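Report on one structure; see the data block that follows.
Going by the order they are written in, the chains are A, B, C and D; count residues from 1 in each one.
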Amino acid sequence: MTVLQIIGLVFVAVGGGAVVFVSEPLRQTIVLGFYGIALTFVFFTFQAPDVALSEIVVTGIGLPLIILAALRKIRQHEELRRQREGKE
Amino acid sequence: MTHLSALPVLVPFLAGPLLVAVGHSAPRWFNDSVGALSALAATTICVLLAVHAAPHPFPYWVGGWRATHGMTIGISLSIDATGAGLAAFSGLLVTAALTYSLRYFEAVEGLFHGLMLLFMAGMMGFCLTGDLFNLVVFFEVMSAAAYALTAYNIEERAPIQGAINFAITNSIAGYAMFLAVALLYARTGALNMAQIGAALDGRHADPLVIVAMTLLFVGFLTKAAAVPMHFWLADAHAVAPVPVCVLFSGVMVELGVYAVARLYWVMFAGPLGPHADAVRAVFAGLGVITALLGATMCYLQRHIKRLLAFSTIAHVGLFITGVALLSEKGLAGAAVYVIGHGLTKAALFMCAGVLLHRFATIDEYDLHNRGREVPIVGVLMAVGALLLAAIPPFTTFMGKSLLEEGASGAGYNWLIVIYIAVSAVTGGAVLRATGRVFLGWGESEGPETPQHQAAQEDVDEERGPREHTPVLMVLVPAVLLVGALVLGLIPGAVPGMERYAAQFIVHANYRAWVLHGAHVSLPVLPASHISGSDYGYGAIATVGALLVAGLGLTPSWSAPQPRSALGQRLRAVVVGLRTLHSGHIGDYIAWWSAGASAIAGICLITLR
Amino acid sequence: MSFLPYGVAAWLFVIGLWGVVSSRNLVRTVLCLTIVQSSTYLLLLGIGYRTGATAPIVADVPATSKLVDPVVQVLVLTDVVIEATVTALLLALVVQAHKRFGSVDPADLRQLQD
Amino acid sequence: MSRPVRLGLFVVSGCGLATVLVLAFIGLPDFGSAHELYGAVVDYTENGLRHATDVVTALNFDIRAFDTLGEEFILFASVSGVVLLLRQLRGEDEDAGQQKGIQEHAFAGASDGLRLASLVLIPVIMAFGAYLVFHGQLTPGGGFQGGIVLAAGPVAILIAGRYLAMKAVAPKRLVESADAIGAAAYALIGLGGLIFVGVYLKNPMPLGTPGHLLSAGMMPLNSVAVGLEVAGAFLVTWSEFLDQTLINSPGGGAGE
């Protein structure tokens, strides 16, 4: 077991905990991005470049756009409803 | 004939994208006919495969990567009568559901048909594959399509909630299975189920193997809705569109039990052979808890689709006990029961669909006496209810009798009481609803509950009550019920099932024909006959169902006033049970974890 | 030390489930699900690793050199695809849930339960 | 259940689960001593059998191609599900958007510099995506990874502030069709095996020279099919989600 692997795994363990314990979703998305990078790094040290590439495109591009769009959508609904309630 | 092996999956995989790509601009009849015809084609192929494999099961090596010296690197479709037959059964229900939906609702742009076909492809691949990882992949194909189909009516609230709970619970089940696949791969260096079985044989079952087994079983039993991993089912089945419910309750849930049976006898029967008694006790216990909880909750519902959903949980409990008996009688009983129950439950959901379509509500009390407009549906529902109660001498009764024989053979005579009670309560609950809706018996006002409001909310969203019920919507359930009535009566059908079951449970058989291409022939069994006591139990269950229905329709009983101490305690239990089914996904996953760790813990302690 | 990858996998599985159970926001629930899933990646890749072996690319290594197990990598690839797609599907459901219920707190999503 | 009860139940069962998992993992071979027969056999025979230099791709697109078939349809079913789930919402929102009159572009926080950078990056992104798709059997990467990168191209146009331009480059119907055609194409390539060499998903094509662009039989074709599907799938998903955020927002275009 190499030092790089140990460092990577520790980052993944901490990062996974961080994603779970950060309660604000937007911040959580950012932490998830870092977590993805840590995972990618571990996959490289495990000699799995194919998987690392998949992981980085998924957590780097694929998911964040969807999550951010979903969060934004939810926020807009909320504002819209607040406005409507304000009018009534 | 063997060349057809991959086609049950391929046909829907080609037709599905076609429907999604051109469905939005194609006329309705095009989507309908492509959907129903491809389902029919895939079903026919499965039937052909089942017939061909019946005398001699065979493997089909996808990509031509055959096994050499018992070692595989490719993926096999391992086709035997049981797997192909179950695939054909799921195809049959998909065809029926698509036919029913011709007149049921406006489908969106071919997406509905496309997803139904993908769902079917998932189920068929799941039944046919011989590779453990591929099994999990098809589990996920089935799930992904099912999540979307559950939430089909996005303009209502309950489907969204049901789909979320369904998707999260089943995803976690999937991850547990991934862990199990990894563990078994590390241990055996193989992914083909037969090869894993061969590698595990003759070795002591250490914690790794036992935990891998329980993770796989917990995963599939989540799909099968065993307590306490069952919570998602009622939420999802009660709210999915009726044609989808037909598939969920009719076959998808049962596939979970099939996978458990298959994996046990192919992979784990060897190392766990010395512990068969403990395995029997653990999983029979799980089945009994599931059956009792399902039956109780079933009786307590007034939302008819949710009532049917809980009855499915109760019956799955029975199927689990059947498999857990670890005998050909038990397994054959479960198989016959699955077919009879699947057809019956599909028909019952379709009847509920008629009510929803016509009256825009699915609440038992709201529908009080309104069913008189469609008496034929009332007849169908009553027949379905009696079949659920396993009335002699039809298919469900045949299944139940075999289960009873299996139970007494294994020294589990007390299971017979459970079988009778579950049949009586679930059948009785449906009879009660039938009596109230179609004959106007019993009270018309029930206690005000959130469920009542949820059932009514449909009124605003549907286009309101309709005057007519399309003939097709009555014809399809009628045909399914006729199937449920006669299938078990066909001479040779039930004994045939027993022979396949006897073949299924011989641990070394599967490996011989998958890895070594051996010809495995069906065992010859002494002709089993249904004894007088079976008819006696059947009669008790049927009468019990009528009594239960009668109690439910008697005003003083349907709303139990806590007069006595016993009544109060009963009421507390009921309230407690209802609170457990809270709809909160956090609760469900907490229970899931509790169930998974408890089952794994018990197995670790008892199977060492 | 050689238990570390497996230990981290077990940790991620359980801590991710904790997130799902304790969440008051469905978006967070979905993100925690991806943590549960990533435990399966680590376990799979962990069991396929061989000390001193190189990635399963045979272009520029001598045929005799050690390679890591390629099978687990293929399984993880499938796993990653499932993660991406199911997450998208779940988030679509959550957006709809917010629209219908006006909340993403699972405690507010009750319909049929009484 | 109340929150404390739920959390309490999970603390107990989560500890149980952790114990069970650790007990099982103890039985695993030590990290770094993998010796699985399957992997070893594939590692040492693949290049001779299939002429692909990336063994993972050979497993993905040939030896275990049936898994990948299932995987493609998980993707396809999910994307169809996303379209199905967001349909109504989109219909409602587009009405609202049309009343306000959608202007060209609108993406929150996109500064001119970011827009310029995105525009410059687009050809690079697309080229890299295509490279990944076409070199699947040679180097790490393949249809899935390349497909996502390819899909990122049109999205970069969006970030560059050209919402309608993205719609022009990647119209919805076309993208949805790409998704469906890619999925069906993968299944059809397998059918080629059944028709020409008698077994579903068996390689019917010449294997070529290892290391060449057109080598390893049907793998490049499968990779392209997957690339097409994944690119389509992610574009559909992103535009389903982004459509909504862009068009419907209180007080005009998003972030304005």
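Assume contacts are C-beta pairs under 8 Å (C-beta built on N, C-alpha and C of every residue); 3 or more make two chains touch, one makes a residue touch a chain.
Quick caveat: nothing in here was measured; it's all calculated off a predicted structure.
Novice: Which chain pair is joined by more contacting C-beta pairs, A-C or C-D?
Specialist: Answer by contact count: C-D.
Novice: Based only on mean CA positions, could you tell me how far subunit C sits from subunit D in angstrom?
Specialist: 16
Novice: Roughly how many whole angstrom separate the Cα centroids of subunit A and subunit C?
Specialist: Centre-to-centre distance between subunit A and subunit C: 11 Å.
Novice: From the mean C-alpha coordinate of subunit B to that of subunit D, what's the distance rounded to whole Å?
Specialist: For subunit B versus subunit D, the centre distance works out to 32 Å.
Novice: Just give me the whole-number Å value for how far the CA centre of subunit B lies from that of subunit C.
Specialist: Result: the chain centres lie 28 Å from each other.
Novice: Please list all residues of subunit D that touch 2 or more other chains.
Specialist: 6-7, 10, 14, 17, 21, 25-26, 28-29, 31-32, 34-36, 38-40, 42, 54, 56, 64, 67, 70-71, 74, 78, 81-82, 85, 89, 140, 144, 237, 241, 244
Novice: Which residues does subunit A have that touch at least 2 chains other than itself?
Specialist: Residues 1, 49-50, 54, 58, 62, 66, 70, 73 of subunit A each touch two or more of the other chains.
Novice: Specify, in ascending order, the residues of subunit C that touch 2 or more different other chains.
Specialist: Counting only residues that touch two or more other chains, subunit C contributes 2, 4-5, 9, 11, 13, 17-18, 21-22, 43, 46-49, 51, 55-57, 68, 71-73, 77-78, 81-82, 84-86, 88-89, 91-96, 99.
Novice: Could you please write down every pair of chains that are in touch?
Specialist: A-C, A-D, B-C, B-D, C-D
Novice: Applying the document's contact rule, which stretches of subunit B touch subunit C when the two form their complex?
Specialist: 133, 137, 140, 144, 147-148, 151, 154, 156-158, 160-164, 167-168, 171-172, 174-175, 178-179, 181-183, 185-186, 191, 234-235, 238-239, 303, 306, 449-451, 454, 578, 581-586, 589-590, 593
Novice: Could you please specify the touching residues of subunit C with respect to subunit A in the complex?
Specialist: On the subunit C side, the touching residues are 1-2, 4-5, 8, 11-12, 15-16, 18-19, 24-25, 27-28, 31-32, 34-35, 38, 41-42, 45-46, 48-49, 51, 53-57, 68, 73, 76-77, 80-81, 83-84, 87-88, 91-92, 94-95, 98-99, 102, 104.
Novice: Which part of subunit D faces subunit C closely enough to touch in the complex?
Specialist: Per the touch definition, subunit D meets subunit C at residues 6-7, 10, 14, 17-18, 21-22, 25-26, 28-36, 38-40, 42-44, 46-47, 53-56, 58-60, 64, 67-68, 70-71, 74-75, 78-79, 81-82, 85-86, 89, 138-140, 144, 210-211, 233, 237, 240-241, 244.
Novice: Using the touch definition from the top, list the residues of subunit D that touch subunit B in their complex.
Specialist: 1, 3, 6-7, 9-10, 12-14, 16-17, 19-21, 23-29, 34-42, 62-67, 69-71, 73-74, 76-78, 80-85, 87-89, 173, 176-177, 179-181, 183-184, 187-188, 190-191, 193-194, 197-203
Novice: Quick check on the complex: what are the subunit D residues that touch subunit A?
Specialist: Touch list, subunit D to subunit A: 31-32, 54, 56-57, 108, 132, 140-142, 144-145, 148-149, 152, 155, 234, 237-238, 241-242, 244-245, 248-250, 254.
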